[in-house]
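The following pair of complexes shares a single chain, subunit A, combined with subunit B in the former and subunit C in the latter.
Up next, the complex of A and B:
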């Protein structure tokens, strides 16, 4: 019965192939840990000094365009691309009743976010300034209702509503009745109708 | 010599093992079956022993990683309002701990022990579908690396190991974290299903001649029942994880109640898999215990038939219990009563098993070696865990302790007590067969003392913490709650438990390197895997044994009857009938191939990139198709004929 064909190899050399595979696995992990160490962790509560600095919008005199605060760049411009911040922005969009005037992004009594027309320009800082300080013809100011980082989160989300290409970190659908494809589905303009868009200067009252 | 007749009926000019001398036959068998020691050999081997060993080692690496996470959690919870780990990281850590232990350790390691042992125990030369076996390992490894690299990149899943919707759904789980969890599930289920199919085919069709159904070792029975559970339970979770990822990525509405979906559907699908999963982990442990006890009691198992019937009954009942995980979701009262009754009824087969083990020990002359110590620790711990199981099967009590540390204590008692203790016993028992060297008996006793005391010190107080109202998955608690003292005790005990595992791993590595040589049958055990050398040669058995009783090595004296007539110049094994294991045919067994590795890599790329774009399924299927064509393309080897 059975022979000693395998006994020539000691138990240790038998195990060494297996151990080297485990070593490869652990090396992958170590590299990933090093990379992960450099990533900023998800912050549920922004530090107060950072929070204060995020409010230092350096706007041009006409309040359109300008330069975001230094801390915005130091953070790595998270509010335009980090999935968590975009999803918080989507939640704020619901909680603060943005849909009342802007609908699901197609606009209602307020302007549409899908038609590619930004009344005050498409930059993050202009959108953030619109939310914080309000705009003529009915856009209220939210500076006393939201924190500075929430304003940035909401601005980031608003900019993804009508994006021409879906970003990997864009938000998915809500657990609600669906009126439009989710932001991560594809270019908004080809997926559904853009809405009335009645607030363009040539069509309606000038801001 | 039952194999001979079949061998001679066929036109065949190659020599069979009856035509040459023993030494010449062994040399040529080794040339036919051995894996070359090159990189290509490592990647393309289909030897069930090598793959089983890899699987087990990888699973133990994941056990260590998951254990380190547990220690991190205990560090954070040792004192109220501790600040070692923030809430976001803590969510990832407990999710990673549960997912790693369930999907990357417990299920794979049990299957891996089966992959290594089942062909040896039933007296065949390789597992059925050996290339699928290789594929399964690479898929499993990719899934594990995906999960852990994601965690290291700070995108580890943070939704609990069961990822309930709506929390894990598109609205409340931003980013790729839940997608990575769902896709990791797909990897591990794919690997598990592949192994289950192989084991069923191996056990039903490749048993040594004479090993009729009532002579199969109980461990093999356990693996057979487990494999059927996997085949029936895993599709539910694959559907669940695939629909979750569809909801999240392409906007389907499976779990959106506002559009006609159903959030509770997730829990039903998950637990229809999740409860059998507990038995997928536990039944192999039952098999290990039932195999280890007779060896150390020095007598055959008491009540072979009731034990096997209890295994099958547990397997069937396990599909009728899943709703007891959902008692607080507001289901109809009648349903709750039904599932309370069915949950309690699982105590009947479990009781039968425990009484059979006790009777075997009672009627034998037990030698209290390390494996038997762990088996005794298992019986004690598992009975305690079973008791709290009967308690939480009752709806009022479950409603009270749902999502508290009482439940945490319960399932660690049944999982560690019911599966990890037998697994450590199995390592002490079978490692000599794997490496050819014994582990230390003296260190083994210290390991047992540390693990047993550390385990109970860690998890018993959690019952009280749960009754005091401490919820699961909290990253900290306030000093006024009065949980601080017990938690500190639990954390200190966890260190004892960890020390036990550290010593265990040191002993295992030390033994594999320089332990005393074991010889073919160091424990005087009765089953066939001890009939070959330790470690077994690549071809497992020089000649296929013929089985005449349930304990062949005890009942046959010094020499086993064998069957000859298999070809030695190509890989060939004996196919036998399902019930009586009468020899039916000589069947070729596939040779080493690199294609399963490439197919697994192509599948991994498809699955991982599909997290980012649905088009990956379309374009990724092309490399998968190419590798599968390469896999199945006839290579003109002798094994291709018939």
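Up next, the complex of A and C:
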């Protein structure tokens, strides 16, 4: 009698253990789903005043480096880390014919983005200034062809092509076979251990 | 008064739904042979399944109301065996028969070659139509001649879309990196509405287009007109609008043949003034809607790839006048 009661009690404890395990698993799943459900806020419409302010690049006299406008920081630097903006940048890269000179990112008649060598430095502001104002030796100015937020989106994307640090957000992969390491790979430093290729006078002036 | 005694309430409630059976975008308002076959399918499915459903419900009701007989003897058992074997055999025969029939029947709706070929490219969120023989492209408006089969080659530039003109044909997916095809044939002239039928992102619901089926003469006239470059600016205001269009980012994404605007990311605007709608069926083409769309596309269609290009009110008016003049 006693032993049968004990067996029943141990049966109960197994059942309750299983149940609580299931409960914990379900809770974890629910949390994971909720986390996955949350997405970075994306901004489709840039108010005209904000749009105008995003064009106030505070460049140094040499027009190479500088500081992005205040509104850029007030927005929370979305163009560097929001996957939507990076993806829009990727579309702009195709639409505005960047591939004509820069190829798939490895460079062609224009400099490569993958060799770890940024002629004007890897900062957002320098890349954005290069796109907006153009650079000597063939880089055209896109000031009148793109809106200011598009310039920032494209700059953010260009920086991810040759990113050396890890990032939690990236664009989607291509539908076509990859011809070079994808944007959502591990940081490029792992892939290119040989380091920067060095000065390339044929690709532009010395920084 | 319509609500008299004797008219059942459900029938009255269903009345407002009836206009859905006709109009520019309805599988039941047939404009071509493929849609006719589909309507036959819809009607026969509804009628046959309705009859079967009524029979089943009636049998169920009868079985529920019937009193159970006193004893379940060997006779009931035998009846049960018969009933079960009969239904199993009937199911097997029907499935086998329909499978055999499906090999004999045509499987594609209106397949085969067409007399005219048009390329339709699905874009987020608009339709690009290319007429390869005439060498021009247009957007969100497809013209076809009545009574001739038109083969539409379907492609996609970004994600999967689906080409669907309910009054003319069934649906066909547009898959990136792959070409599919569909033939359209309109038997009567008219304006038919098409819609993307595969969820393709934020503005999927605002991805519509118009199919205009017209007689051969007006179709030829339309082709000739569309193949022309844009008409030169006639007035001072139009000329100013053109200058704004070319100087601002507009020209980087849009083509207007006959000018230096050669962008390919957005729709070709060479004859935008002649199209019935802008922004893929979102708005009717008028000077006002063109101005509204240019001023703030992201409010009218959030997420669309057209950015908000800051323009002054004068520039905006000039651009709208210019675009409207592009007939």
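The rule is short, and it goes like this: the second predicted complex is superposed on the first by the 144 of 207 C-alpha atoms of A that agree within 3 Å, B and C clash if a C-alpha of one lies under 4 Å from a C-alpha of the other, contacts with A are read in each partner's own complex, and residues count from 1 in each chain.
In this section, a contact is a pair of C-beta atoms (placed from the backbone, for glycine too) under 8 Å apart; a residue touches a chain by one contact, two chains touch by 3 or more.
The shown structure was predicted, so the numbers you read here are calculated from the model rather than taken from an experiment.
**Q** Using the touch definition from the top, say if A:28 reaches subunit B (first), subunit C (second), both or neither.
**A** A:28 contacts subunit B only, not subunit C.
**Q** State whether A:44 touches subunit B only (first), subunit C only (second), both chains, or neither.
**A** After superposing on A, A:44 lies in contact with both subunit B and subunit C.
**Q** Regarding the shared-chain residue A:95, is it in contact with subunit B (first), subunit C (second), both, or neither?
**A** second
**Q** Is A:172 in contact with subunit B, with subunit C, with both, or with neither (first, second, both, neither)?
**A** So A:172 only meets subunit B here.
**Q** So in the superposed three-chain picture, is A:136 touching just subunit B, just subunit C, both, or none of them (first/second/both/neither)?
**A** Touch status of A:136: no partner.
**Q** Looking at subunit A, does subunit C or subunit B touch more of its residues?
**A** B
**Q** So, A:36: does it touch subunit B (first), subunit C (second), both, or neither?
**A** The answer is first: A:36 touches subunit B but not subunit C.
**Q** On the A-aligned overlay, A:86 touches which partner chain: subunit B = first, subunit C = second, or both, or neither?
**A** Only subunit B; A:86 stays clear of subunit C.
**Q** Show me the subunit A residues, by the header's touch rule, that subunit B contacts in one structure and subunit C contacts in the other.
**A** Shared contact residues on subunit A (touching subunit B in one complex, subunit C in the other): 44, 88, 175-176.
**Q** Give the list of subunit B residues in touch with subunit A in this complex.
**A** 22, 26, 29-30, 34, 42, 50, 53-54, 57-58, 61, 65, 86-89, 141, 144-145, 148-154, 166, 169-171, 174-176, 247-251, 253, 255-259, 263, 434-437, 509, 511-515, 520, 531-543, 545, 559-560, 562, 612
**Q** Under the stated contact criterion, what part of subunit C meets subunit A in this complex?
**A** Residues of subunit C touching subunit A: 176-177, 247-249, 251-253, 263-265, 296, 298-299, 302-305, 307-310.
**Q** Which bits of subunit A are touching subunit C when the two form their complex?
**A** Touch list, subunit A to subunit C: 44-46, 48, 51-52, 88, 91, 95-96, 142, 144-147, 149-150, 175-176.
**Q** Residues of subunit A touching subunit B in their complex?
**A** That would be residues 1-7, 9-12, 14-15, 17-19, 21-22, 25-26, 28-29, 32-33, 35-36, 39, 41-42, 44, 82-84, 86-88, 168-169, 171-178, 181-182, 184-185 of subunit A.
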